[in-house]
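Here subunit A shows up in two complexes: once beside subunit B, once beside subunit C.
Up next, the complex of A and B:
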């Protein structure tokens, strides 16, 4: 866009407005009829500034990975809009979409399933370059691969080996090198450390943070481990049944969680310290996450919420601003933090 | 007084293409009635093999040496029939995957009633009635009606409740839980572990909890044994071990995990290097290649587990 942008707009890389991804539920074998929809993502809005990390947390089925796929435009949203670097990419297709993909890449959870076992590390890391037009024989191509291996802390001669010769942590480094090959601006990390051993997780988290500093990357960091998200994120969004129930800078969110679901989620995570645990109040957690095919009316969390009132059962709460970039979708939330 | 479970100097080997692998090497541990011992370690550290060898479920592996004392008997000396009589009766096991540990073509009621019917030689009708009682105990809503349901009609958390009901069916003296909540969401994890802990305490059973999650250990364990490369590197009461870890691996591990209440610092003090390959263990201490305090003695010989006092032990030359 040629328009002179204000400071805040210039630094904004991604904006998601009222995103909905609904999957049809069909019945019948021969003639399929639509009988309903699974609202995997149902009205999610957030933004992401350049160089920033937004953590997206929630339990399985809350829609965090579907949100990521929609942002990458690996699926087309049912409704809502997605802006990348000021451009509406919601319905982008063909060559413009292909060009856009260079600018946003993904690091996957499973370092075993996401790498082709029959390709050498060198070819795995170089594949995105080939797809986007690099020549396999050029010196430039070879140099770039070496550069990428250096960047993620792998030795250059490891490029000649195959994925099975590497441990989980090293494979995740290969996955990261692949994601960085095209110099993306936005990297979406979907549970990048949850399949790794505890002592390796810290190495990969450090690597991701170093790379962000060095290359000015912007991360959308999806994870279920709240301690990891707290460490790496600047801001955090909490999802429940397809909705973003709370978004806030991490200091605010972890110190003064406003949504009852965030409070329960934080209480459920044990702290690795028996002295702390023995004095901590054990949270009362009611029930389980309901099926997204049949979400409860009103606030989706009300059947499990210890504070639910009548209006929570009837009326869906809208996200309201709590100041300082904090937004909460709860009828009971007030701008003063409640605990 | 001797402990309910007393594993002494247990070594388990597997024959693989890469040579003989010592998955468990000279492991000693004990659990008393009413106590929770957490066996902590990363993948390949030998924690699950240790647990499975208690139940005699390690084929094609072989117990090379050691003794598994359980209520005065040595389990390594028992034949298969005698072990089968103990499994599911006096020692119960809860596995990680509630999805694959239940039989998909049998109703929940049949699966929960089976161990009671089998071990208690009770009439089927009576065993079935007890199954309903057990499902209520693990807080499955509408328990009676759900006896006729199949596993696929249950959520992951509910299936793990069923597994706990099955484990408790014969009032075991020892329950072994191998990563019982790793496949579950965090709010469900908290529910399941609280339930498991509560019910084992109520029955005064011993709980051997196998996990890689240091938070779970801190919340639920009385004592901890840390495994690395097939050996126990450190053990002791949970509070003391967390307050002052003695082994460099334990210390490194505790420093490297981000925590909810900690200082969200710029960099995590990560442990360098990779976990060891059990087929290619170094001759000395398995942690030596990653250890910040390594010296000549560590590379020459593996340090034995050495008792510091009545409750704490560590296998490190620094404390030899």
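Up next, the complex of A and C:
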């Protein structure tokens, strides 16, 4: 499991430091005043090595998609820094940003909305190539599209059809082919299988894993389904209310969750054995997610945490290293609590 | 490369040989095809009115006044003994030109304003929309009457005024459609791959607002023809002796309604028929041009 420690810095593809995305809340019709901010992402830090998959999990509204959009630079972060292949891309704009877009692509959640219904599959898959200056009539362009269709397991003559003629799984393959067209280094998958049937989910996940092996891709994989994340990820990050509460290698996280939120999240996954399921003790989560406009002071999770202490209510926990690349933002987690 | 490891899903079903749009129109949307044919008929009649018309435009025959429809005069004659069919045919020319030109201008104005407003948003949107609001305060007919009384009646004047009037109001509809498309995931995807605004407008926004634009255009053709007739009825349309449908309805049609109902029926029915035809044709066209409706037509929507 252990990576060779020597080249860990050299092979780092993405580093996010203290990323914040705050949306101002304004009041007033004529003169707008800022009266607060929705802290969609609030101080998230992580890194991603080449060829690795980092899974980001968390419930709806926890900021995982916003994090992805910030990394993709579809929005400009309020603060914090994003490094891609050693280059600071936090405030990149114009032509350099357009060049960067070639190197990171996204696979979308909605296989229906993310494909233009008026374009043929061939044009959909080739669109990134056209956008970056390929000639529509060149043999090179046509060959590349055939290659991409082969790669994702679609027949070449399907290229002449329109997306509405395909099933959800096939459409997602089209979306993946499109994301791979420019040979990106980083692929951001925003819940790529949550809109699919369970039987199709496995096919698409396996396709993504095969492609990663073959093309040496790096994935930032967002999901709310823990079993999917467990299958595909090397490391997993758990987000809660705009903050990354725990990051750890997959085995560590699932075997020994350290943050109370992670523990509850894992406990919520049903066990596929009725006898065990009916008797096992399920940690209950209390209350509802607070508003990100007015997050609780201290640890954002304290109002719902069964183990909360006084310091949790006052002091915001910093992410502390637990060894083995594991980082936990909880006052109660201690490295020695591991064993 | 990886064919061996990846199962290929789905099979290419045998697709029927692609048919032309006209073939599909006739087969899948008979009513729309009928509408198109009627519209085409009026268009041809209008274009070649001088050749088709059995009698001259102002050829009077005092011996044959107010004759009911007969083999000699299919639509009868009016109070001056002029052939009504000939006048309706030449009136078609005027109505068609006014209708098509005004609707084309209106659609163009709607697209330019609507896309600028909807796609770029922000301050541009604010400025354009407040202007549209101000414009829409005035009732159409009042504005038309006011402008026509100032610039004087004439075909070009009517086309320009109608085009602007419908165009500015219609830009709201285009704007709404553009905003929907702009927020779509596929537009987002195009932006994330580094597409320029021009590419997104050309490949994503414009093709996807086509259904709206087609309906906008066809309804405006009908509306412009009707409004032109209305203006002529009020005496503000294309000035006589040019025969316009509206003018025929208001002048001789109204005066001799009891003596010669065909005088009003001929232009009135022509008006109704052409407006109906263009509307069903537009609806059919919108459905056929949508690739999602391919093969599904007949199941959804009017035929």
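A few remarks follow.
Simple rule for what comes next: the second predicted complex is superposed on the first by the 327 of 339 C-alpha atoms of A that agree within 3 Å, B and C clash if a C-alpha of one lies under 4 Å from a C-alpha of the other, contacts with A are read in each partner's own complex, and residues count from 1 in each chain.
Here, a residue touches a chain if its C-beta (ideal position, glycine included) is under 8 Å from a C-beta of that chain, and two chains touch if they have at least 3 such contacts.
Since the model is a prediction, treat every value here as computed from it, not as a measurement.
Judged by the touch definition given at the top, the superposed model places A:203 against both subunit B and subunit C. Once chain A of one complex is fitted onto chain A of the other, the partner contacts of A:85 are absent, as it touches neither subunit B nor subunit C.
Of the two partner chains, subunit B is the only one touched by A:277; subunit C is not. In the superposition on chain A, contact is made by A:167 with both subunit B and subunit C. In the superposition on chain A, contact is made by A:182 with subunit C only, not with subunit B. With both structures placed on the common chain, the touch criterion links A:234 to neither subunit B nor subunit C.
In the superposition on chain A, contact of A:17 is made with neither subunit B nor subunit C. Looking at the shared chain after the overlay, A:264 reaches subunit B, while subunit C stays out of its contact range. Looking at subunit A, you'll find residues 167, 169-170, 203 touch subunit B in one structure and subunit C in the other. Those residues of subunit A that touch subunit C in the shared complex are 72, 74, 97-99, 101-102, 105-106, 108, 110, 113-119, 127-128, 130-132, 147, 150-155, 157-158, 162, 164, 166-167, 169-170, 173, 178, 182, 203, 207, 210-211, 214.
Here subunit C touches subunit A in the complex through residues 1-3, 5-12, 184-186, 188-196, 199, 203-204, 207-208, 210, 290-292, 294, going by the rule given at the top. Residues 42-43, 155, 157-158, 185-191, 194, 212-221, 238-239, 242-243, 252-254, 256-261, 264-272, 274-275 of subunit B are the ones touching subunit A in the complex. Within the complex, the subunit A residues that touch subunit B are 59-60, 167, 169-170, 197-203, 205-206, 209, 224, 226-228, 230-231, 250, 254, 264-278, 282-283, 285, 288-289.
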